[in-house]
Amino acid sequence: MVAIAVIKQRNLFTIAMLTGIYSFLTAGLFMDLDAVDVAFTEAAVGAGVTTVLMLSALRLVGSQQRPTRHPAIALLVVGVTGAALIYGTLDAPNFGDPNAPAHTHVAPRYIEQGPVEVGMPNMVTAVLASYRGHDTLGETVVILTAGLAVLLLLGIQSGPEIQHNVSAMGRHMVLRVMVKLLLPFILLFGLYVQMHGDFGAGGGFQAGVIVATGFVLYDLVFGEGNLRKVLPTVWLTRIAAIGVLIYGGVGVFSLFAGHPFLDYSALADDPVHGQHLGVLLVEAGVGLTVFSTVLIIFYAFSGRRRQQ
Amino acid sequence: MSLMDNLPVLVVILPLLATPLVLLLGGFGRAWAIATVACWVTLAATAALLQRVSVEGPVSYRLGNWAPPWGIEYRIDLMGAYVLLIVVAIAALVLVFARQSVEKEITAERRVPFFAAYLLVVAGLAGITVTGDAFNLFVFLEISSLASYALISLGRDRRALTAAFQYLVMGTIGATFFIIGVGFLYMMTGTLNMMDLAERLPEVADTRMVRAAFAFIVVGLGLKLALFPLHMWMPDAYAYSPSVVSALLAATASKVAVYALLRFLFTIFGLEFALGDVPLDLLLMALGLIGILFASLVAVFQENVKRMLAYSSVAQIGYIVLGISLANTTGVTASILHLFNHALMKGALFLALGAVVYRIGSARIQDFHGLGYKMPWTMAGFVIGGLSLIGVPPTAGFISKWFLVTATLEQNLWPVAVVVLVGSILALIYVWRVVEAAYFIKPASQGIDQAGDVSEAPLSLVLPVWVLAAANIWFGIHTDLSLGIATRASAALLGGAP
Amino acid sequence: MYTAAVIAILVTMVLSLIRAFMGPTIYDRMLAANVFGTKTVLLIAIGGHALSWTSFLDVALLYAMLNFVGTIAIMRFFEYVDPEEVPSEDLDEASDAGGKS
Amino acid sequence: MDRYYAYILLILGVFWLLLSGHYTPLLLSLGGGSVAVVVWFMWRIDRIDGEPFVIHVTLRVIGYSFWLFKEVVKANIDVASRIWDPNMPLAPVWVRLDTTVSTPLEKTTYANSITLTPGTLTTDVEDDHFMVHSLSEEGIEDLRRGEMERRVRKLGI
Amino acid sequence: MIEIGHYNYWVAIFLMMAGFYVVIAQGNLVKKLVGLSLFQTSVFILYISMGKVADGAPPIQTPGVEIYSNPLPHVLILTAIVVGVATTAVGLALVVRIRESYGTVEEEEIHAMAQPADEKGEG
Amino acid sequence: MAASLEILSWFCFLVGGGLCITGGVGVLRFPDFFTRVHAASVTETLATPLLLIGLMLQLDNWLDLVKALYVLLFVLITGPTAAHALAKGALHHGSKPVLSGDPKLQTGDSESNNREDESSNS
């Protein structure tokens, strides 16, 4: 499969491209395994964000790799690990077996009660935002942490010195017109994904990524620091922080209302209604944080000059 | 629900939500103030929590008000509360120290995000200790790890970058192994809740899958806690990171990883499985022993005091693991006790070192010449920490070593006890090298910058050092509190589910 | 009928993948990757309908978008690479030979 | 100019309604909010890069699309036959094509139409000419006859 | 689909090991990160495979569908994907900084550079 | 009515699929980057719409229909834009198209030509 090619390729640009393809394939596999939401995310993240980040990093570090050695010890470690894994799976429940313990203990409640208790058809969103809402709070914080870490490491150069090299692309009329035309639709599509996470695939995380990708596309084509004027870094940091605060705030609100942390039932008189509202708010928080953090990271990478 | 009922969640969300506040309000002074207030309030909450747990027994908290196997549960038993106290107390003390140290070592535009990341480390570590859900533990593990990669990379030496990168690779492999293991467990039991896992595992314990899961979780956590052959990332990471960061991480991060290991070994897999079916006890013991000897030896030859202390940490992990591998009450008590005491001594040592770096800008042993007279308070603190590290009687270090030796002798493993003593002697040697440099060697006249302008570090730096140094002695003499909790915690662990 | 269409798409995907591996220039690879991406979109749209997946068209739309963004991104950043870093062909050729095994 | 944003607002609103498929008050208001946010962003972006592109969607676009589709089919058959021909009768040319289209949107439409038709490919867009690569001389001849250009200009965009 | 048995897991394991091998064996830091994300992605495949229920539908409530796949692994993997991309981003940022201060991203060259300097410029 | 729609969609699928493969073969067979773009545009401009139209004829949910239409429009708009951008980029980076009358075109062994061509360029 593509994976092997990825390993063997020595030109890192090609690798970035191939990992994108690999992500597409993985996402296709996820679709086939009924994991629509995951496929959505994997596509957006693997093929979108990771590729763009990888490329912008490669711009800074150079793309040619030296020939590699193949130490036997690595093979040994890998072999042992692989053997352990195979050993482990030998008496695993069969693939797709509906009677596997994984499907009979905790999961049925999500499937049977999720749509009723949380009031939304998409069980993944229900579990994500409500039953395991705390994980998702953690996830949002992880994103914020990554943004912070990149900020700490690279900082963001702001101001007039971010002139992208004037290149063929810099004044690429067809692209400019087209991107300008597509941008509102991409953004709106992102927001659509945000709002319809309750019903179909999608949710705050995916939406944040899509919206950010739209802006990244704009920046790639228009360059010249325009995007930094549209969405200044300071705004983004604040938006990221506010996103987490919205999420945490919902939790704290339920604390003050005399319920446990993150109990959305506290938000409205009718528990199901409260759940719905809570999930909506929480997803909004996730979306804001993800969108702004992805852009922060992108700024950090693209604003940095290549040093020799 | 009263405030008391919400304590378990408060200890996590206070630092967690203080982070965006720090980012929003900005400003170095304000960031520091918010972080400090958050940490101290958390400390108060933790103390109250410990009090409550020790009276009422384990506390469970349902997040989102979903019943445990479905929702995420926080579950705090005595050991959890105890480790939590260590983490938060050290974090709060280090913050006092941080204000001036950070001002000196971190460039201005990075200070605000620095405190934000600091809070995230604390929140992540606190989350690991209180959570009762295997996957939630992974999430918090990653929060704290990601933040600490960034913090480590802020060291002024460029090797801080490579150290952070190495840590990132190793840490991610560890975390991925961990989720493979958790995934296997989930496949076999259908649950992620720790208590539920513990209940359902015995039915399926005799399957290869569970054994593989066990192996992956142990290796994964072993990577995080720098168990001997997997320790490669640690010395560099501690040696090149900013003083504040080394103090915080050395005193807390590996403790929490040990805690997670204990959780999985004893609470989830249960004693019989963990140390009976699988010959893990022998393996752990061997690794612990080799770790003690090897790391102590390497430490003796280090020129950089920070690096020396980092290797010494690897050795101390060896002691802790050794205690676990003995699998009797005394051994585990010794481990838990050492967890606490090691946090105290390493905290004191790294902070003292931070104060030295603050003044002379170096941590090499030859720059220590004559420091004993120029920075008497700092160096005195360092010496007390060092004594505790060696295990000299009136200090806390002595108590835990004593218990460890007793435990080995209970099992009639006197060669092991000898190794422990040898380790202490090696510790004596490397601590002595610093002491010798500081007190008995005159500074070379052409010394770089100690031409008389080196004076005692400011109060905000010395105070935390001394609080910890004093704690080392206090807990060496008044053992009731620490020992009592450790004994009860280990009894609970070994007695199966607390 | 769906099967026929899906097989056709899969064949095309394989063909474009071969081109992506063979290069020889980075632009050939990008072109192939672009074709590959479009075909993935089609595959999801048609296969998704055939297997009655839910919200497969949302995913297809997302893929179409990412495919475009990806192509532009690669081009954008490739412009920054120094000419001397443009992969020399034999290197790539050699590594590919191993890659397809 | 303000009409232009009202216009975008309208198009995006329709886009949302067709996409959403859920018409509860909550989602409708969220949709309205989303559309407004996007339009605000577009307004802001236009202010900053100074390149607002005014779109006039007219019914003529539909007619043009059908014509273009017919051309595309013809060209496809041509290229497909070249692909399968064992001799691969290729005679690629790369020439300058003078044009009179003026506005950016017109140029873009024209250039993309050329590219969309297999066998011809716009490689560069300059003020008064395009560079076009074609698989054969005939493709260029067709373009030079200018039917496509005329139709693009008639769109009045 | 039950005949497939464990085949799916093994594919995932094979991919996992491929990624893991890259992490250990490759000297190029960027490549290491690529390997790392390959490794993680394969773990995701493992998880999602275990969530599949034969003949199940995606866990989105649809009228007339009785069997759904297990939503829990999906949720976990969503979180894990996020963690993965966060790690990659931080890793890449580190690589960029390493490149800036060492001038290379090959592990061996960095080692060669770091050792002689060990005694100088400490602290 | 339903039957004729069915037949129409069959037709679309078959022709689309055939064109799709054609394009793929073209991408492999054609001698240089620029000619390959033409081959690629066969798959993008006719095969894709045909397949999607075939699909649209099968869909019974108007919401899906609209989304399929969006996908189609999006692909049609971005396809040529990307091709154009790629071609422009390739030129900018020093590739030159192989032109009519070039002896390389006649040999039929496209790969070797190509490598020669590229290595002389870069």
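Here the chain labels run A, B, C, D, E and F in written order, and each chain numbers its own residues starting at 1.
By our rule, contacts are C-beta pairs under 8 Å (C-beta built on N, C-alpha and C of every residue); 3 or more make two chains touch, one makes a residue touch a chain.
Small disclaimer: the values here were computed from a predicted structure and weren't measured.
The fewest steps needed to get from chain D to chain E, moving only between touching chains, is 2.
The chains touching chain B as well as chain D are A. Of the two chain pairs shown, C-F and A-D, the one joined by more C-beta contacts is C-F.
Each chain gets one centre point, the mean of its Cα atoms, and the points for chain D and chain F are 17 Å apart. Chain C and chain D have CA centres that are 23 Å apart.
With centres defined as mean CA coordinates, chain F is found 59 Å away from chain B.
Inter-chain centre distance (chain A to chain B, centres taken as mean C-alpha positions): 31 Å. Along chain F, residues 23, 25, 37, 67, 70, 74, 77-79, 81, 83-85, 88-89, 92 each make contact with two or more other chains.
For chain E, residues that reach two or more other chains under the stated contact definition are 20, 50, 57-58, 60, 62, 72-73, 76, 79, 83, 86-87, 90, 94-95, 97.
For chain C, the set of residues touching two or more other chains reads 30, 53-55, 58, 61, 65, 67-68, 72, 75, 78-79. Chain E contributes residues 20, 23, 29, 32, 36, 39-40, 43, 46-47, 50, 72-73, 76, 79-80, 83, 86-87, 90-91, 94-95, 97-98, 101-102, 110, 114, 119, 121-123 to its touches with chain B in the complex. On chain A, the positions that touch chain F within their shared complex are 167-169, 172, 174-175, 178, 181-182. Every residue of chain B that touches chain E in the complex is listed here, in rising order: 135, 138-139, 142, 146, 149-150, 153, 156-159, 161-162, 164-165, 168-169, 172-173, 175-176, 179-180, 183, 186-187, 192, 303-304, 357, 361-364, 367.
Looking at the complex, you find that chain D touches chain A at residues 8, 12, 15-16, 19-20, 22, 27, 30-31, 34-35, 37-39, 41-42, 44-45, 48-49, 51-53, 55, 104-105, 107-108, 111-112, 122, 125. Residues of chain C that touch chain F in their complex: 1-2, 4-5, 7-9, 11-16, 18-19, 22, 24-25, 27-28, 30-32, 34-35, 38-39, 41-42, 45-46, 49, 57-58, 60-61, 64-65, 67-68, 71-72, 75, 78-79, 83, 86, 88-89, 93.
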